[in-house]
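Just so it is clear, A, B, C and D label the chains in written order, and each chain counts residues from 1 on its own.
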Amino acid sequence: MSVNLPELASSLASVAKSLHARGWLLGTSGNLSAVVQREPLRLAMSPSGIDKGELTPQQVLTIDEHANVISDHGVKPSDESLLHICIVKQRGAGAVLHTHSVWNTMLSDLFSAEGGVNIQGYEMLKGLQDVRTHEHSEWLPIVKNSQDMQTLADTIALTLEEHKAAHGFLLERHGLYTWGENLAQAKRHIEILEFLLETLGRTLLVKNNRG
Amino acid sequence: MSVNLPELASSLASVAKSLHARGWLLGTSGNLSAVVQREPLRLAMSPSGIDKGELTPQQVLTIDEHANVISDHGVKPSDESLLHICIVKQRGAGAVLHTHSVWNTMLSDLFSAEGGVNIQGYEMLKGLQDVRTHEHSEWLPIVKNSQDMQTLADTIALTLEEHKAAHGFLLERHGLYTWGENLAQAKRHIEILEFLLETLGRTLLVKNNRG
Amino acid sequence: MSVNLPELASSLASVAKSLHARGWLLGTSGNLSAVVQREPLRLAMSPSGIDKGELTPQQVLTIDEHANVISDHGVKPSDESLLHICIVKQRGAGAVLHTHSVWNTMLSDLFSAEGGVNIQGYEMLKGLQDVRTHEHSEWLPIVKNSQDMQTLADTIALTLEEHKAAHGFLLERHGLYTWGENLAQAKRHIEILEFLLETLGRTLLVKNNRG
Amino acid sequence: MSVNLPELASSLASVAKSLHARGWLLGTSGNLSAVVQREPLRLAMSPSGIDKGELTPQQVLTIDEHANVISDHGVKPSDESLLHICIVKQRGAGAVLHTHSVWNTMLSDLFSAEGGVNIQGYEMLKGLQDVRTHEHSEWLPIVKNSQDMQTLADTIALTLEEHKAAHGFLLERHGLYTWGENLAQAKRHIEILEFLLETLGRTLLVKNNRG
């Protein structure tokens, strides 16, 4: 598999702009990647510290499987590149998206004791790849946050191994990761999961209030 | 009745973009249709699995009354085409819109035991066709969700028969359907009903809290 | 006072688009006007039943002091033109804006028994004309809704007479009216009042919950 | 340090438009500044009473360290220019942003008795300059609001002195101030702090409700 890099970089910039507009990538947070080629691995990756509403295709980096920058840029890749590489390898993903929304941050906090968020019975679940019915039950594991990226990548590798059916996971008080076979599918997944987390969060409020 | 297809497809794409921007068609969810001609029925329909924020007029399909694709496209029509056809026939609608918003999903869940949502006393109700006063009482029936589209179409046919005055209905934990004589009216109805459901949902919260 | 009509119509369309984007004029609701000349009164007015996100300057009507259309259009002016005329005359306003937002609808309902909403202590109050300090106390009267426009106009005339300092008023479960010396000021007022009503509504929720 | 004024003015206008779109500068509220040169101090400043969604680079003023207008404009600088100058001097900031959002207004009210808002344990905190871990604890002091700008500037000078690590502060029932080495960093900080305040505010609600 090999794709056109300028086109991919342009799509990454366009998705970044769209997610930033929704408030899911504020303050240069979050990051996006897409596989350019598998062997050896080349990943198009959003750079660190850039306003995602202003990301240009030219700023997109290419990294290898150790998160070393291949392309000749002055900027450095996201600190969380190792997590993207881990997901690409373990899930065979073609694209990975990581957002910081108010609702994913809140639910990763509110459900941390349970170790994950269970989402079931919603039609929107069918937007997740290979889910055929709203009766599906999606478990989004919550991983404890850490600043040691290698440790975090190892924990995520184990989590993905343990929860083979999961379409994403939450980092506690940090954000949401999801992925797809390609960027369009990953974007679909991020919109679906953000929608479901907001719905769950708001429903908690109303249900408790109705007592 | 016969309309200009390219113009209609362009209007469908424009409405899709607008509703996607509001977060009512996230993750390729929801669908839109408009009648091209009545006899035999030709319906312009949004395709399955397309990002509604990126829908182009060229991607809009034409289907017949059995939801078979007439136009020569590589894509397939929405799974829910049968529901659109059912509404077009039973209500004489010229356009049908189906959205998945956070608030319509929540209220279809919170009021499922009641079998519907009652909305009354709001000026915004006058945005629904033939409603002349805010004293109107609108009953939005809630239909149980199903993955069997023929069964669901049959249930909806009965529901529409039973609730002749309803301007829309909810599918439980799934979404909202509404329609209009033409696309402009259907868009007006979707904006009105989404507004009213959000208002009702938020009011529940505040009223209960004020005790 | 006499202004350039095409320029004014273009500004009205631009304000309409902006307020529709914020969800304050959904489903063709709400209306906008601006004075073209005082003697005899000529008011540029948004037409009835038009999507405010799509309003063109050409669609803006000119009406006289009895809400008769002067300009030669196929469309009719908003049903609420009489209310605009009443405000223009009684307050000497140069522009009037009427929005239907979720929060103004909710607060006009939740505080109807009190007869108005009291807003005080917020810096944002200084955005209201002639308010110099956050210690200002703004009383937004709530008027009972009615479909009889002449009766409603009469009630509003009395309300404006009684509450001479008010910068706006609410119609119960209907919406918000505000005005300004010109369109820019009226737009400032609508943004200020919508902000304050949302802040008040959300604060009610949190305060009660912290109880 | 000296920067290109037209470019800076253009960036200020672009940031203003973006923050206005998010509803953080409604009704001509809030203000923005960036340092043009340090000795003598020249500050590019948003004018008073202008719709921030429509701000043009040409409307941006240049002021000196006493908030006197240097550039030859018909408009006056924001009343809060003295606060910007105070922050620029005391923190060595290259840009200052002041927003009025619903959530910053609410939290400055709800936590006023505590004298500040404590935010800790969120990954998003790393978006604040020199914060390396989510375990960081950020204290946003709340300063009592006043219409006497010199008094307010003096209080803020003391507050900044007392809370040397703070990346921003709240004015009670008024708004948020933050800054950065340059405009990009200040924009990053405003997005980070607005995100965290909204997250904190919504979490208060859900946590209390879950009891």
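Here is the rule we use: a contact is a pair of C-beta atoms (placed from the backbone, for glycine too) under 8 Å apart; a residue touches a chain by one contact, two chains touch by 3 or more.
Predicted model only: the values in this text are computed from it and were never measured.
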Co-neighbours of chain C and chain B - touch as defined: none
Minimum number of chain-to-chain contact steps, chain A to chain C: 2
Interface numbering overlap (same over half, different under half) for chain A and chain D: different
Separation of mean Cα positions, chain B and chain A [Å, integer]: 30
Mean-CA-position distance for chain D and chain B (Å): 43
In chain C, residues with contacts to at least two other chains: 205, 209
Residues of chain D touching chain A in the complex: 18, 22, 121-124, 127, 132-134, 184, 187-189, 191-192, 194-195, 198-199, 202-203, 205-207, 209-211
Sites on chain B touched by chain A in the complex: 23, 26-29, 51, 53, 100, 102, 105-106, 109-110, 145, 147, 171, 173-175, 201, 204-205, 208-209
